[in-house]
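Everything on this sheet refers to the single structure shown next.
Labels run A, B, C and D following the written order; every chain starts at residue 1.
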Amino acid sequence: MVKVGIVGGTGYTGVELLRLLAQHAEVELVAITSRGDAGTAVSSMFPSLRGRVDLRFEDPAAANLKSCDLVFFATPNGVAMQQAPELLNAGVRVVDLAADFRITDVADWEKWYGMQHTSPEWVAEAVYGLPEVNRAAIRSARLVANPGCYPTAVQLGFMPLVESGLVDLEHLIADAKSGVSGAGRKAEVSSLFSEASDNFKAYGVPGHRHLPEIRQGLSRIAGRAIGLTFVPHLTPLIRGIHATLYAQIKGEGDFQSIFEKRYADEPFVDILPMNSHPDTRSVRAANICRIAVHRPQGGDTLVVLSVIDNLVKGAAGQAVQNMNIMFGLPETDGLWQLPVLP
Amino acid sequence: MVKVGIVGGTGYTGVELLRLLAQHAEVELVAITSRGDAGTAVSSMFPSLRGRVDLRFEDPAAANLKSCDLVFFATPNGVAMQQAPELLNAGVRVVDLAADFRITDVADWEKWYGMQHTSPEWVAEAVYGLPEVNRAAIRSARLVANPGCYPTAVQLGFMPLVESGLVDLEHLIADAKSGVSGAGRKAEVSSLFSEASDNFKAYGVPGHRHLPEIRQGLSRIAGRAIGLTFVPHLTPLIRGIHATLYAQIKGEGDFQSIFEKRYADEPFVDILPMNSHPDTRSVRAANICRIAVHRPQGGDTLVVLSVIDNLVKGAAGQAVQNMNIMFGLPETDGLWQLPVLP
Amino acid sequence: MVKVGIVGGTGYTGVELLRLLAQHAEVELVAITSRGDAGTAVSSMFPSLRGRVDLRFEDPAAANLKSCDLVFFATPNGVAMQQAPELLNAGVRVVDLAADFRITDVADWEKWYGMQHTSPEWVAEAVYGLPEVNRAAIRSARLVANPGCYPTAVQLGFMPLVESGLVDLEHLIADAKSGVSGAGRKAEVSSLFSEASDNFKAYGVPGHRHLPEIRQGLSRIAGRAIGLTFVPHLTPLIRGIHATLYAQIKGEGDFQSIFEKRYADEPFVDILPMNSHPDTRSVRAANICRIAVHRPQGGDTLVVLSVIDNLVKGAAGQAVQNMNIMFGLPETDGLWQLPVLP
Amino acid sequence: MVKVGIVGGTGYTGVELLRLLAQHAEVELVAITSRGDAGTAVSSMFPSLRGRVDLRFEDPAAANLKSCDLVFFATPNGVAMQQAPELLNAGVRVVDLAADFRITDVADWEKWYGMQHTSPEWVAEAVYGLPEVNRAAIRSARLVANPGCYPTAVQLGFMPLVESGLVDLEHLIADAKSGVSGAGRKAEVSSLFSEASDNFKAYGVPGHRHLPEIRQGLSRIAGRAIGLTFVPHLTPLIRGIHATLYAQIKGEGDFQSIFEKRYADEPFVDILPMNSHPDTRSVRAANICRIAVHRPQGGDTLVVLSVIDNLVKGAAGQAVQNMNIMFGLPETDGLWQLPVLP
């Protein structure tokens, strides 16, 4: 049994971690913290967990996190960089679901996140937790930086093309659409039902924080700097990301086959038959990325469609997948629930 | 292992049965039939099942249903009454998720359903599959009539009051709201997104087919005819039923306690603390009914709130619960998934 | 031309007032105030008004509200009671869209609204602005208390029955469902898309502030205290209220005809044919209440269905209707837009 | 007064035409036809029109369409090409809201639409009804081919760039998202609430019928063949199209200014300030296209965001705009309603 703690469990990532971990046979949930809601029963905030999760939120200072084998940080950006080092130094392994350790270039991180980094030494040690790229390093990692939701969908969709060397790496385009839960459980006018429902819009076109993360990931794979235009949109779903990816073909290849081979052994990436259209509900509440490849009218532009549930493969599910890898468990343990459709 | 077949698996009840049964450790899925889609891979119609359900839809005539221990009918009303008897006579046990065997009074059934009943002898033998009422009879039943979605939510909410003898049985009111999946996966204008989204309406106020089913169930419990006004509404959810129940108090009692005692041993009925407001998402995709009891301003009207997922506790989940009972399995087997929230 | 000011224009009621008034031929929009957003162009907050409303939000202190003929208060409860008297004393007429002047019994108001009333003398003078009841008094009113959204739908639906003397006045039941815009443009977790979408729940069952308002209105009509159970629900719509009303028949009558006669001359109340089911979208964005009358199975319980757009006939539209009456304009001026369907 | 008839009024385009025309001061609505619903009162199918539209649907054979000045065809593709010529020859002017006369190359049309064209001679005479391109020709046209919804949003968004000669015309990308009403009021499983709600997907990536229409329009403007990748998506809105357009810069220019100048005199195209993010609700139920221009990080890729209501500027509103031009009315007559927000 892996003894697990969660720091900051009152957001959507936190409650999704709870849902998955409470159904994971090899996990003992030890503690969950919340500064603002200490003392509150978890199941009174999230009645879906009644009778199944008996913990109360604890004050971070009081919680016995050091007795855990693993602590997940499901906190806003900037918290883990301050609180994780003490746990790490005590031998606790950490998965941070926020962005604190994702960007290797600390100066770049500080520019995009608008704060000073307090533990750059741990940035250097952290492993970027995309198992389809870094499985071996994750296995022995002390600190895993769990990828962002957009970066997961976009990198998995572009990766085989970037590796193939057959597309123009200067002008990749990622047109991505996210459900509203991606904005978190924060009281903001722009996330109100009456604002986000029956409405569609782009946001952050001049620059979104997931741009440098995607660029870093794809550039590493390419072995050179890539050029990317990334446009995120808000769409009236609770859960789901749909990335529509465009790349210009520079050399011929069997692109469908390239994708199928790349992910042949991956339990959580599913390549659909050529010309399919995956919908977000086909991955709802499940830890899976489904991808379809198109070459419209046989032209020189490839279109790749990549869908995930932003709270599962895009956050909590991928974190559990990383935990499974870190602790030598079967990678699919606790992650085998079928998507909920309709 | 229970060998299971499904007749009519292309609707929402069918795909939900598949989701639950594919995750049930004691079930072997043998066959699934569809006249119109014979030959189609199940996972090509429902990509959420890719890699997990390898069956193809078979023509009912060709499928080897008689080798099954249990066959679920997830068909439109009027099919099971024609096809189930042959299986029953061959020793296969049957759970009908449609309405064919729910109403004991065949003449009444024929009036409400607008067709002649072709196997009234099986109506007499069928057991009404509401485990919280009929568990013992279900255990040995050859044919179980799985309750309707509204009837499940309304009966579970009214039952303790009716049993208590403390409320006026002449003027029960059930104001119920259903998600659109309750209308099934049928191509009808009234169920289109552009009709049902951002819209709310009552329907069937002059008379809905679930009225006689609820009336029969509550009358049996009361030991006398009860009077019920039942108003269903369509609300822009995919899944979920919320029943708001009104009863006039005729004798004093500790109503909260009456509910808690009645359901103390029920794994799938959860009584919330007094004055709670259960939301439908707290049961989304899970086999559970949550109930709250109110007595506003201490007056003489009780208000009971009862929520279920219409496709789970209101259909496929309850059918699996009945299967577990029929085959001596732990009642929660395969039904222990946590609700998906948000 | 009526010179009009709006105090507190950044909420949904405010922007809906702007939409209606900007299309009203007899209105000159003079000023709109917002303490927090003074200086901001109205059309930058609400791009739907670009090119059509050129005002900026002004600080309340700076705005020349005393030059107006009429000022609408679209403010939170408790603001108008403090700021309206100065305007009233300067001869400006006022329509308050909040609750400050709706409840005649000041002690009762203070109990439900949890604050002390600062201008009880104006409560006494205020006219309750439900034109279908108080048209004559509204005409000459200096101060109109615009009704709440639920109270509009429920009172219009019950009124003919209460007047008729043919139903039990002790046990009226109003089961009402509201779209989320009724909660206002406030950043609250419970109104987030990810909380309110694909979800349905009751709220405020122990007691909602609109209960005393409805009770006061119906009691006045009845000439005696009435008994009412009022259960509001939140449903995933932006706009719309659907009230399902239950009354026990005590004396026979032609109920359909009673409704038709009562509202024969009302431009904004539409009685549907017997046994109809009005949907909320049939009144979306329009100043109209549609009502249908049912007597299920010819029993002794009447069911009345009443729908409005909570932001129009339930708020801003009714306020403009009151303005038209107060200034001798045709009552339908500026309120003749057709509902938006689908 | 323009005497107007509508052929095929039971779809969403038809009811939207009715909403707009019923509020148009210079229009007399003479007849509306429907083969399947002849005899039905329009307001019984669309209760939003109760008391405002008193027509009944008539059989096309019986309706006196030849007495009209203008007939709108709101029919499925392939109807107008058969029925319009008789009216045209009788001197009636026609606006076809379907695709019959949009594509000049009849062979190409037949390939994409899968039927033989029955009146190619009228294709040659028809004027493509995008006022921002063809205003002069529309004025005297006998037959106007009203543009498709995607083509309107995409062409208006790309047009200034194509005219400017400053972008790569070989690799234009249009990633477009549509509300579900774009699929029409047809009973199809894929448009059901339970399929389309809380879900997002691309469709028609291998080839969508609006591709040749957009390509024709932009090629005419460019004076040469352009290369376009067009990917449409279905998003859970009722109304709205959001086109996200990508173009590579080949020559420098002040792109914001280019857009502002191009549309300076257009009443129904609104260029937002640089770096804005128009949302679809800012045009909901109104005849307007809002556009924003971005150049992320000052790179070599331009991003243009273009939003319309698919039923208004994308269909019925543009048809009325064309009617106004054809009959010498002020272009904004009957089209001046403000968007409905929230």
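In this text, a contact is a pair of C-beta atoms (placed from the backbone, for glycine too) under 8 Å apart; a residue touches a chain by one contact, two chains touch by 3 or more.
For clarity, every value in this text was computed on a predicted model and none was experimentally measured.
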item: Between B-D and C-D, the pair joined by more C-beta contacts; value: C-D
item: Most distant chain from chain D, judged by the mean position of its C-alpha atoms; value: B
item: Counterpart interface for B-C, drawn from A-C, A-B or A-D and sharing over half of its contact pairs; value: A-D
item: Whole-Å gap separating chain C and chain D, where each centre is the average of the chain's CA atoms; value: 36
item: Gap in Å, rounded to a whole number, between the CA centres of chain D and chain B; value: 45
item: Numbers and ranges of chain B residues touching at least 2 other chains; value: 12, 179, 181, 185, 194-195, 197-198, 236, 238-239, 278-279, 281, 284, 342
item: Footprint of chain D on chain A - complex, ascending; value: 171, 173, 175, 177, 179, 194-195, 198-203, 205-207, 227, 229-231, 233, 235-240, 242, 244, 246, 248, 275, 277-281, 284, 294, 296-297, 299, 301, 303, 305, 307, 342
item: Residues of chain A that touch chain C when the two form their complex; value: 12, 179-181, 183, 185-189, 191-198, 236, 238
item: Complex contacts: residues of chain D adjacent to chain C; value: 12, 15, 19, 22-23, 46-52, 181, 185, 197-198, 238-239, 270, 272, 276, 278-279, 281-286, 290, 336-342
